[in-house]
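Chain IDs A, B, C and D follow the sequence of writing; residue 1 opens each chain.
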Amino acid sequence: MPLPTYLLHLGDDALVLGHRNSEWCGHGPVLEQDIALTNIALDLIGQARLFYQYAATVLGDGVTEDSLAYLRDVYEYRNCLLVEQPNGDWAHTTLRQFFFSAYQYELYKAMKTSTDEQLSAIGTRSLKEVTYHLRWSGEWVVRLGDGTEESRARLLKALETLWMYTGELFRPAPYEEVLVEAGVAVAVDSLEGSWMEHVRRVLGQAGLTVPLAPAFQAGGKTGAHSEHLGYVLAEMQFMQRAYPGSTW
Amino acid sequence: MEERGFIFQDKVDREIRIEPTDWMPEDYRKTLIRQISQHAHSEIVGMLPEANWITRAPSLRRKAALLAKVQDEAGHGLYLYSAAETLGVSRDELYDQLHTGKAKYSSIFNYPTLTWADIGAIGWLVDGAAIMNQVPLCRASYGPYARAMVRICKEESFHQRQGFEIMLTLCRGTEAQKRLAQDALNRWWWPTLMMFGPRDDDSPHSAQSMRWRIKRFSNDELRQKFVDITVEQATYLGLTVPDRDLRFDTETGHYRTGEIDWSEFKAVISGNGPCNRQRLEARVKAWEDGAWVREAAEAHAHKLKKKVAIA
Amino acid sequence: MPLPTYLLHLGDDALVLGHRNSEWCGHGPVLEQDIALTNIALDLIGQARLFYQYAATVLGDGVTEDSLAYLRDVYEYRNCLLVEQPNGDWAHTTLRQFFFSAYQYELYKAMKTSTDEQLSAIGTRSLKEVTYHLRWSGEWVVRLGDGTEESRARLLKALETLWMYTGELFRPAPYEEVLVEAGVAVAVDSLEGSWMEHVRRVLGQAGLTVPLAPAFQAGGKTGAHSEHLGYVLAEMQFMQRAYPGSTW
Amino acid sequence: MEERGFIFQDKVDREIRIEPTDWMPEDYRKTLIRQISQHAHSEIVGMLPEANWITRAPSLRRKAALLAKVQDEAGHGLYLYSAAETLGVSRDELYDQLHTGKAKYSSIFNYPTLTWADIGAIGWLVDGAAIMNQVPLCRASYGPYARAMVRICKEESFHQRQGFEIMLTLCRGTEAQKRLAQDALNRWWWPTLMMFGPRDDDSPHSAQSMRWRIKRFSNDELRQKFVDITVEQATYLGLTVPDRDLRFDTETGHYRTGEIDWSEFKAVISGNGPCNRQRLEARVKAWEDGAWVREAAEAHAHKLKKKVAIA
């Protein structure tokens, strides 16, 4: 069933990045930024819930947002590899957020015109949040690129590490291709141009250029993840796995 | 006492707020800085035991609520640091006092969160005790402090209800969930009672703070109030308060608890609690790891300013 | 039931330290030492299995070594706090091993004379392994204390961090006290003298002195752990929790 | 060819082992160093994907077996580095080549282990393929290499049986376990076939290595042998080999596979596999983090020696 799989893909992307960001909570470099990143984590988890709730109604049969989040193993997760990468330092975290928010910005803008009303509504609602995420993370990219020698070196390292994961964002998975024809899913390959333009502009302001290296990593969207996701899930799912069938 | 001293105390007595530009006794200022900054530090350190369960919260709804709660605490920290700053001390100085161990924070946050039920217990008990302590501070004589407390108390009571509801859900749940709830109460009960501070006959600073209206009830009064409410809530939940000597005194209408283990209180205060080292290290690490970020932000802001000046 | 609880305590100590040591596997500073520490991990996990298997026969009712290891939550674990502390650097890991092996050495020596034949047999068998662990870890303590300025500084830091967890080793839990009277359990308080002598000698060879600070941390043996153990269990138990009732 | 060259080749042809002190052609030495060190590095890097499941092994028995297996691989690394050292290269030089990316290791270890079934699949498929490659090396012309391979092959075939048994347990288990097993086969099948190297018509070094008896079968021969055995094992397990073109050729008695995606092979070899960066970083980090440990050990040994000399 392509629709629920697509919804899981969208929800998993948001949940896993929300999880990664939430790992910073209480450990940020500045109190105000701790709050800002927690806010983004909250928005992303909120978006994940919308997609899971929708998927649950489609799937029926007692499926809930929580059974979807907590009772699937790693090979059943459909998030892209970018969002599951470890946080690294502040440069890694903000650059990852920038790459992903720039993608989500285009995604949700296009989703607003989906023939699926619920997706269209989620797109409209989430676009507002993502507009803020994109501004916030873009500002950090510029700040770190333009700041000190150290911050620039760290940002460069983050760029070198993360760039290879950006290509997957624009490679449609089979379940997307089917739904694109039906006007339901966003054709992610059509977003790459605007994304690249935005990225080029912000990296430019940060004094960096878009890497020439191929952005070749892929697989997460069809369940072939990096080794990091398993640890994320072991931690995230512990309670639901250890106390099955409970109400929380 | 010189005249401005009389005027100051007269204002305090008539419940007129002291504002940052008003004259105030040096000791009043120092006491306030100590109290407000300790409170601010407690909010920041207090994020850690709860943040420990964000990634493991048992449902998405609870996860979002917990994230929002810990975020609120960061916000409380901000309000309070700002209130302290109006007394002529910078946030960086206050951080430095925290990181070097000169400043204290509530010793309750030196206890670990072992299970999800601890998140319920912290909301129910720790936030409950905090509210007891803090509601009177909404009428504290120092304006910025009192106003910060009004906002904080509103959010805290929301957190407290949320915590109680987590406990209630556990206690209405499976046997295993009830066991988690009881285990959490067992571990948090006594440390929470200690949050109200030493017994009145062992609490030297209180009289002056009462006169300055930055304290309005004694430690033992507040503790008693907390016990009276909380024991009944525990009964409602079907949990057993871990105190064999606990009994209802029909004459006074109050619950009498057994003796608090003050040696534990002193040990934790003086650095030998279960997590003192871990908490301080986590804060220092966040601060030190963030140094290059703050420097970069400053350098960038400086460059921007120069560009604007040139243009 | 004191006997199974005691057996769980002994097994949990060994399993959790074995787990921590196994985290080094593939990441050691020298290939030969990677192998040596993995060996110790293997021995400890082997000891844990002996205690769990014995506990399983006492408990009956379908309990197995695996249900004991994988299906108890953190508050049901009975290991001391020392073994669950994070690995830190090589100085932390080897000093923690030294403290614990010196304790296990005394423990198993005394256990050989237990009136419980199975415990006596486990003690005899495990003592040989621990004798090697003790020598290996003691040699590392001396090497690091005597080596370079950096290694000495790191060892001192480890000593300052870990010392406070050593006292718990010698505080009998209620389930131990009952069994000591019956001649089954080892009276751990009686081991402290020999332990201290050994520790003093080796720290002396390393050019260090026994700290004066109180070794006050306790609670693990009665289920009140540090925040670290929950993460260990979430990771360790994932498969058994996620795929309940399966044969592996 | 000069005389000692003839003598050398004659020995090789007569299956007499070449030993470290014997004369040997410089190219033979270089080829051996490259081949043995690549193999040693593969053992060491190969520890990482499997070590990734030690802390999550689903039973204590499996956990112990996996720990022992990864430890064996470290041991294989040691044998092989020692064999390489007899050719006049130090272990530190070889490490340096690995850490700087100059030396290669088997590209199969650039794939991630996602589930427990991958541990079974690695044992069954990867160790199975390794044995196909390695058994002939037990008769390699260079003595120390051949002797190391004898020990290694014995342990590898134990590992291979263990891996197959993990798969068998999964396939005889629940539906969810079977799904794990099939998913693992889907991901590991093609990369394993690539372990035998390029097709014969695209494998330039082979002829010389055959003449030197450090290679005895062509890549395609070994690959075919592996496919023939493994397809039948997959059938026994009840798993489907992820190759729609796979068919049994009744004329030749061999299984014919579909076309291998050599572009993936080249990408992984040249650094763009799923885990190349992660694997190398893990090795470099272990080495760099261990620098102070090795220095301390050396300093202590040096002091001890001085003490002994004085006494």
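Note that contacts are C-beta pairs under 8 Å (C-beta built on N, C-alpha and C of every residue); 3 or more make two chains touch, one makes a residue touch a chain.
Listed by chain with UniProt protein names: A, C = Ring-1,2-phenylacetyl-CoA epoxidase subunit PaaC; B, D = Ring-1,2-phenylacetyl-CoA epoxidase subunit PaaA.
Here the structure is a predicted model, which is why all the values come from computation and not from measurement.
By number of C-beta pairs in contact, C-D leads over the other of B-C and C-D.
Averaging Cα atoms per chain gives one point for each, and the point farthest from that of subunit C is the centre of A.
Rounded to whole angstrom units, the spacing between the C-alpha centres of subunit A and subunit D is 36. Looking at subunit D, one finds that residues 56 touch two or more other chains.
In subunit C, the residues touching two or more other chains are 73, 230, 234-235, 238. If each chain is drawn as a node and touching chains are joined, the picture fits none of the line, ring, star or complete shapes.
Applying the touch definition to all chain combinations yields A-B, A-C, A-D, B-C, C-D.
Those residues of subunit D that touch subunit A in the shared complex are 49, 52, 56, 112-115, 180, 183, 187, 267, 272, 274-275, 277-278.
Here subunit D touches subunit C in the complex through residues 44, 47-48, 51, 54-64, 67-68, 70-71, 74-75, 77-78, 81, 116, 166, 169, 172-174, 176-177, 282, 285-287, 289-300, 303, going by the rule given at the top. Subunit C meets subunit D in the complex at residues 15, 19, 22-23, 25-35, 38-39, 41-42, 45-46, 48-49, 52, 65-66, 69-70, 89-90, 142-144, 146-148, 150-151, 154, 235-236, 238-240, 243, 245-248. Across the interface of their complex, subunit C is touched by residues 73, 230-231, 233-235, 237-238, 241-242, 244 of subunit A. Considering their complex, residues 73-75, 161, 164, 214, 216-217, 219, 223-227, 229-230, 234 of subunit A touch subunit D.
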